[in-house]
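There are two complexes below, and they share chain A, which is joined by chain B in the first and by chain C in the second.
== the complex of A and B ==
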């Protein structure tokens, strides 16, 4: 039992159950089927984006341009839908993936090949991409009645009771889990973040991996940009403003180490779930809006404190963390 | 001003003067009124232009010059006003890109006997006779409660979904709404909650869903902000509450048309730029022809919009916000 509780993911899961219990005591409606469905749909985008943000953080990087990428891709596909309302959803998705990938690859080239620190590059591209949103849209909105009906309907189309957006997130969770635990490239990311020098000595190519990571982030950001715009049925210049910090927060709460090399898919998903539950519960349990921001911030800080305490005892030996991860993988 | 600048503005002035000459050949003693907008190609101001033309037609002896810079800058407006002074127009009505930057040039215009009024976005008091606001807080607050009351048939629980908790405009309107709700006329409406979506669609959406959960008997959401009203309407549609919960508030027709047709929104309101352009041109005519003084405390007749009263700050409110519904939203959605 004690060993079970020592694992971070289990602690977090226990905290989530406790929080949900407390919220439900105060507002029983929170645990209704409709409410759970809404929360899952709401959390899908954050979960996907937190997962790819984790890839950057694992390699000691960060991507601050994710929300600007989402906004630009979302605006571009919305404008396309305005001009061609009959455009197939698959075409929209392919376009969103492609544009997102391109924007992510630009980050990748600057970071991996030019060698500028990720935080600097993505801080720059964050402004560039956000500025381009103004440029392509001229500051005007794309509204519900201007987008194609299939374009808007797709994210909330239901398959076996769950919305399409939840299915996409589920597939992505599985894919990234497999990638990080059973694909060599995925394992290399942990090694790179754990100890870049040692990783180079054993022949792991940092350049390729960074290029891969930021391109992947771009790919998923593009997809999420479309999903966001379609879900809220409106595209405007401030789409997802500040959302990049939520993705980082979800990672931190989920136990992903900001120093790199440590973090699990399960932890990251739980971190996102926790944040989404807090976001959805605060409006229901009558917390003053003036306190809401402060509470969100306090929760994140508490998670960081927990995190740094657990890190201090362990050290950051790459072989040890790789060994630990291997044990986790087989357990 | 640099030499280069001077040349370009001279060139500009001569072009404007030439076009004005062609336009102005109709009659020498017509009242020439220039409408200077923030920028050309903006649907809102194109609609204001339509209103201005309506007033010009109604008044008969008015030549309306519609102009503005291609990008919304104060510099562009200064050049244009300079050339309008050179043409010796009778009146200028301006929606200013900067309240202070335009003061020296409009002062110059006034010293030459040109009537200067501002509308929509005002010029600082020193630079204009008076400013015409599209509406004012108490009218905006009252209109929103009236719309909710009409849709609900006078009874039911309502909630307000605003922008940020410290948004000045929204807070003033909410205060006015609460005042109106306290009157016996709206005793059937019960305000159960005020929440804040921070003008972000994801947060506004969550707050709207939170309202449905917290208040199962909720009948209407009033959102006095454009992001809030669209996000609430989408939440109503997604939660299958169309017909049970209605969204109303302030929004632009182009942004709201889809939600009006989905049934999530019955009515919403915003200032009507056509009426605003009409009022501005009409008032400018009255002042330029000395039929009204425009001094604080006086009124200026403005045709079909009745009259506007200048308050002690030199500002006037045109009317209550204009209401849109299924019958007229598509027509206006094309304009703004």
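== the complex of A and C ==
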């Protein structure tokens, strides 16, 4: 039992159950099917973005441009839908993926090949992409009547009772889980974050991996940009403003170490779920939405303080065999 | 700018023969910034006949003086290898406090003191958590960034405070001799204080040492945690000061005030030649960088470029400024 509770993911899961229980006591409607459905649909985008943000953080980087990428891609596909309402959803998705990938690859080239620190590059591209949203739209809104009906309908199309957006997120969670745990490239990301020098000595190419990570983040940001715009049926310059920090917050709450090399898919998903539950619960238990920001800040700080304890007690060995060897070596 | 090398005797680049010394001046980041600044000023004076007017120039400093104050203390924090993303939220918190206290009948001097105190306390919260729990500054300040502005939202919601004492607006809108804004004078005085502190005291040397190698700095007897704590506290204090000036200038307090400033401030510091990884940077560099951004904004405003286009240019300048020397170095290597 104690060992079960020592795992950060289990602690977080327990806290989530506790919080949900307390909320339900005050407002039983919170556990209704409709409410759960909303939470899952709302949480899908944050979960996907937090997962790719985790890839950057694992390699000791960060991507602050994700929300600007989402806004720019979302705006571009919304404008296209306005001009060509009959455009197929697959075409829209391919375009969103492509544009997102391009924007992410620009970050990747600057970080991996030019060698500028990720925080500086993405800080810069955050401003550039956000400014470009204004450029392409002329500052105007694209609203629901102007977008194609298929364009808006897709994210909330239901399959086996769940919305498409939830299915996409589920597939992505599975894919990133497999990538990080069972694909060589994925393990390399942990190695790079855990000890970049050692990683280089064993022949792991930092340049390629960074390029991969930031391109992947761009790809997913592009997709989420479209999903966001279609889900909320509106596109404007300030879409998802500040969302990049929510993705970082979800990672931190989920136990992803900002120092790199530590973090799990499960933790990251639970971190996102936790944030979404808190945000969705506030109006239900009659707390003004103006409390949302302060509460998320307090939650992040609490998570940071709790993480600091668990991080100090453990080493940073990645491979089980290396850990065993180390133990034998000292014995 | 020929006095620059003499200001920093510790820099290796300035040692050697007279010719090398002159070459070193040209290679300095500050020299490049002076060139950029000169180019912007020349461009601006061609673009608009109103640019080269002494009143206009002094007036334009008002629009960036508050950010410029934050840049000074943020530079120190980045030099030790940390970052503070909560400064803009501290401004919102202090602004809210000032607005509320003004409705309670406080006088202008009292409001200034109150704002600085609230800012200092907020900075202490940052520094306290970072030092006590030994956690990265970036996560802590992402948290307090939400928390401080969140408190402002809880107090104000979608309301605003806009009643202040009669003489309150003088702070941010007043001029010395009818020409030089008080805000600008405050900034200049602080700039001198920070430059002397960083380049002329042992604390300044300690800050560089911490940025280069925190562990080595600790083993050589530098009180790493104490300095860290106080730098974050000073950063909060500067945010408090900037908040009261900003509130006075715009005459109202809203929870979304100064939104996004933290990134502009960090961008200015980095453009000023401070390495984001810590350990190097100069005060003249970041001061020049403030003017580069300020004059650019002013000039583009004169030719009616919308503010959001400014953000594209800011972003390009930030990346371009960092990338150019790296690319030049890579290409010049065989």
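Note that the second predicted complex is superposed on the first by the 311 of 331 C-alpha atoms of A that agree within 3 Å, B and C clash if a C-alpha of one lies under 4 Å from a C-alpha of the other, contacts with A are read in each partner's own complex, and residues count from 1 in each chain.
Note that contacts are C-beta pairs under 8 Å (C-beta built on N, C-alpha and C of every residue); 3 or more make two chains touch, one makes a residue touch a chain.
Bear in mind that the values here come from a model prediction, so they are computed numbers and not experimental data.
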Touching partner for A:141 - first (chain B), second (chain C), both, neither: first
Which of chain B and chain C A:24 touches, first, second, both or neither: neither
Partner chain in contact with A:181 - chain B first, chain C second, else both or neither: neither
Residue contacts with chain A in the superposition, chain B compared against chain C: C
First (chain B), second (chain C), both or neither touched by A:205: neither
Partner chain in contact with A:232 - chain B first, chain C second, else both or neither: first
Contacts of A:258 with chain B and chain C, given as first, second, both or neither: second
Which of chain B and chain C A:11 touches, first, second, both or neither: neither
Chain A residues contacted in one complex by chain B, in the other by chain C: 290
In the complex, chain A residues that touch chain C: 62, 64, 110, 114-117, 119-121, 123-128, 130-132, 134-135, 139, 237, 245, 248-249, 252, 258-259, 288, 290-298, 300-301, 304-305, 307-308, 312
Touching residues on chain B, where the partner in the complex is chain A: 165, 195-196, 199-203, 205-207, 209-211, 213-214, 216, 227, 230-231, 234, 238-239, 254-259, 261-262, 333
Chain A - residues contacting chain B, complex: 27, 29-30, 32, 34-35, 38, 42, 141, 143-146, 156, 228, 232-234, 236, 238-243, 279-280, 282-284, 286, 289-290
Residues of chain C that touch chain A when the two form their complex: 83, 129, 133-136, 138-140, 142-151, 153-154, 157-158, 255, 263, 266-267, 270, 276-277, 306, 308-312, 314-316, 318-319, 322-323, 326-327
